[in-house]
């Protein structure tokens, strides 16, 4: 009996067989599909960004339409660090993570109270203010022209970021994997469970002794760090940073990606990133003018039919329950 | 792989705020190909169009993919400055010529030795205006520009030149790029009462500025409206209505440019695009294709990126805009700057050229 | 009950106003160690409001609350839980997307100071597992422990509501109509589970089912219109004419079986 | 000085007209309809195209814009929106963003990506000036017109929602569809008409706003943030809330840009964040709190 | 006395799951029916099916000559159904007064009369639904059904959470309304004795079928039978 309870509890946190297989495939992809290494790199970055948003949105129920604030912060910090201090990517990544986490800690004060709509707007506002700041501080950031002249050093002193993007893709995937494992442990821990409790019912969470505000602040900070890492990866693998890393579109896109893949499930962000990016890439090269129409149609159908149902075609023609 | 193909990667914004830029360029590029055939020096020219939504990191990835996977010979397009700047390192690394057909910040050509520009630079347009204005009784000017790279370029060059010419910029206003309402800024201008208001806003917002300018009765208060050609974009001029009449702008291209070549160009363009009038973006695309074609012809289809680049430098030819050439040193465009006034011709509104400053180099490069 | 018994929870002069409405008006309540104390009163008398004040969901307009000798008037709700004061809700407040097992496991973990542990998985602590198992059995939730809470039948959800409170190892337990919606036959059993808590746990019960109240309580407070009408042992209350007039009615309800 | 105040009010009113439809669908129906801007765009295009191509007078176009987008809203409600009411908010966001994308691309395909410019009738073009110096008040006629339309609209809406039974029936249906139906409220009709009116208002807003804000296919995305700010700051439970919020933001924005042009873009966002942190439920919430 | 409600061979459920099976019952004008049964036997499902809030699979329902099962939920109120749902479901963003006026239909019962019956509600007229105490919400739910001026009241556990004295008064009121105004009522309750006292007939459900139907009188006199039917062991 005790064992049953124990097993039932541990079931979600145990690695399923397909998980290591999936990650092996992912790790191999830059080599097998070497001509697509660049898009793989971008997907890895976006997936990491989506995982970060999932921590706050999916697990803690805090909606954010300004997650690009941290992404952008990471990007600029990493780019500036490489330009002004030293070109080593790993050190730059760490610095970017720390700075974004700090920003997250400060911003967490703004999401503690209010309704979903309020949070949506406050987070959005913060990102837009950062965007304006980056624009105004053009002596540092290069303003609207973007930050140019970033030269990245080789990874571990050995691997140069090459034109094909293989090194970049491997680097991004490995960083994403490490952070994914951390996020996975976090969400399966008691700490993660208290987050879900807060998401489901704040009143009750408080009534069983969970310090709601501090938990939210902590997870927001962690998510900011992850988003910062994603931003840093983008800046480092592309070698520049521009204002649109803070843009509203980026925050909105990442929300779309996460919801497409499914919230409250770390692989949701990854799935969403793969589906959305590939779809965007393929459709927009077929019809560069009107690809948004097809993406829109996809979203509408996905939401009308439901994610579960769309993935199980054999249920399409069965009569649904009440 | 395919030795008989010559691939041009055209990276332009086809959706989003800058979409009309991309449309004009693509239409012009296709027109050029239709008029001049798609085989040059034994190579079949293939145009690969990619939409970058004017987002630089996407631009960079697309450029990189095109270079690595499609093995393109030339990349072209680039709707906004950051996008061009993002792609520049790829050009350097892969030794691929990069033809800028739209972006207009002065510094772009310096970002890589492989950049060639066939559009224009904002300093050219604003300096031309700053030369003309004081001679025509405009001494006290307020500038109003969009708060981003090209806007700041326009502001700076206009101000310096005007000062040099004995005029004075009494106030410089920068409006947020996405400002929907210009009322407060225009009111400020009205309260200052300068001789003229010099405007640079991305094409599209120009109409709004003009309308609100009139609504506020600023013309009646004796303030003139001047600006670079973006303000009276040919693409939209007709819809702006009679309020636009008499507005003076400086630019390198007008659809009304009185040359046989331009007449032919405008006619063919309108015919191919349901009556859409070509604007300065289109001409940048058209001439860009010309530069690429001729470089290919000159290298007889044999040379790599270096050879193509060398063949692009120094090209002199007649464009629909008038005579132009690619400065071999700066790789930037040298062309006439025209002063134009909006007038009604054949029942339509046009920018009618009335003065010209010949063969202007980019003033941004002389410093 | 003599005065020598230690007071665990003391509310003094609590006033709560919602705009123009005074929901509780100068309420003083004294909960002794090990008490089985019932709080009764007409609908809208302010009973739930009082519990909300005690647990910190609402901040009183005036008054003072002391728990185990310490002033907690301005202490955050979760801190009060940490100090041993736990409640149930009149309307179920559950974690709908979690299973009963997860719900209890996280509550027990939080209670054992593991709430911030983020590296070990939920359920890796054997004490937590054992305590969960115990609670599941006690509240007949074992069969449904792996179903999502939102699909459970109402009765099970109600049981879970109370199980959560017990998982917090309360020293003071505040129950707001715990058996509402539970069928007549199962009510007693449920209340017995609660009554069987250690003798030093103090319990405050709100309930309109007078059979249950009288079989459970050894002390009663009657709240009317936000003020304390009277306090006493069950005998006194049952025979108080004022209480009869405003609350109990003519006694038919009290006696039927 | 006064002119700036006037411009601020007019700008605020314009924001309000654009956002009020959203306040109706989002605040009253509890449906996050980010495709709101698409309905506004439809209204704008109806007006511009009718005026440009068929020479229909401006004043006739306005009601047509309302009706056209209301009709479209009604049809879409019946066919696409209805199943989405019961879905989580995030799904609604995605669904309506999807619709917006489709609308943007379609507008582009059928009408073209260039900015449409509208020619107002002469009587709306001018400007009246009163007073002198710092107290001079210059009023653009069109802005005056916007203020008048908006005021009339507010009064009418406020009346319908607060004073008539329809408002209660609507909110009852939103709170609990099943029980509202069981108690005799025809939920489908209530929702359909509300949604249609909300879309119609958006269309009217688009028609009035096209002149000032410009109109191109990216309109729904470009101004989405502004709609949301108004509704978030004003709170979603009444019509007066968004109105006052829109006025406040309009005046602050215009005055800010006038007096400290360097801070231009920051003002609205900072103000919004400050207000929302101070009053997380929005500035003007329905009496009695949450 | 004329027959008001007739239910024949009714079955209903949620999705594929069948909860009610072949239920038949009838009720005369001005009479009260007690609906008894253990937890989860389908009492609420039956009430909700009558109100049109649960999917009906088969059978017919006739109310005063109208085929009720053919009507969508919102038209049933017009024909004479007044529903008090088990979970009260007060409209939370409406004030007490709006909760009543939003659904009110012309007739003898007006909001004013409801306030007379529950003075407590009159004092809370402008409060939002969610700001009421549990018991006040229950009163409002009953009042909200009354202002529909129904012919048949469906009361699903209306006494839950009410103070004993209110319970007493409410039961009296129901008795009075049915007797004097010719309304009929179906009442579901956990305390059988409380409602049997005011009912005319009684139906006991078990696992979705009728296991006993008869007069309230006979069950009142045989508490042991009630206990057996309800499976209460003591």
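The first chain written gets the first letter, and so on, giving A, B, C, D and E; residue counts start at 1 in each chain.
Going forward, a contact is a pair of C-beta atoms (placed from the backbone, for glycine too) under 8 Å apart; a residue touches a chain by one contact, two chains touch by 3 or more.
Model, not experiment: these values are computed from the prediction.
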item: Relative to subunit C, chain with the most remote C-alpha centre; value: B
item: Most remote chain, CA-based centroid, reference being subunit A; value: E
item: Computed distance of Cα centres, subunit D from subunit A, in Å; value: 32
item: Inter-centroid spacing, subunit E versus subunit D (mean Cα positions, whole Å); value: 44
item: Gap in Å, rounded to a whole number, between the CA centres of subunit C and subunit A; value: 42
item: Centre distance in Å when subunit B and subunit E are each reduced to the mean of their C-alpha atoms; value: 76
item: Numbers and ranges of subunit C residues touching at least 2 other chains; value: 18
item: Overlap residues in subunit D, where contacts from two or more other chains coincide; value: 104-105, 108, 265, 287-288
item: Of all residues in subunit A, the ones touching two or more other chains; value: 132, 289, 291-292
item: Subunit D residues touching subunit E - in the complex, by the definition given at the top; value: 165, 168-169, 171-172, 174-176, 178-187, 237, 286-288, 290
item: Subunit A-touching residues of subunit B, taken from the complex the two chains share; value: 14-15, 19, 22-23, 49-51, 55-57, 60-61, 64-65, 67-69, 81-82, 85-86, 89-90, 93-94, 105, 107, 111, 147-149, 152, 176-177
item: Contact footprint of subunit A on subunit D as seen in their complex; value: 26, 80, 83-84, 87, 89-95, 97-106, 108-109, 225, 228-229, 231-233, 236, 265-266, 269-270, 272-273, 276-277, 280-282
item: Of subunit C, residues touching subunit E in the complex; value: 18, 21, 41-45, 47-49, 90-91, 153-155, 177, 180-186, 208, 210, 246-250, 252-254, 256-257
item: Complex contact set, residues of subunit B against subunit D; value: 15-17, 19-20, 23, 147, 173-176, 178-181, 183-185, 187-188, 204-205, 207-208, 211-212, 214-217, 235-236, 239-241, 276
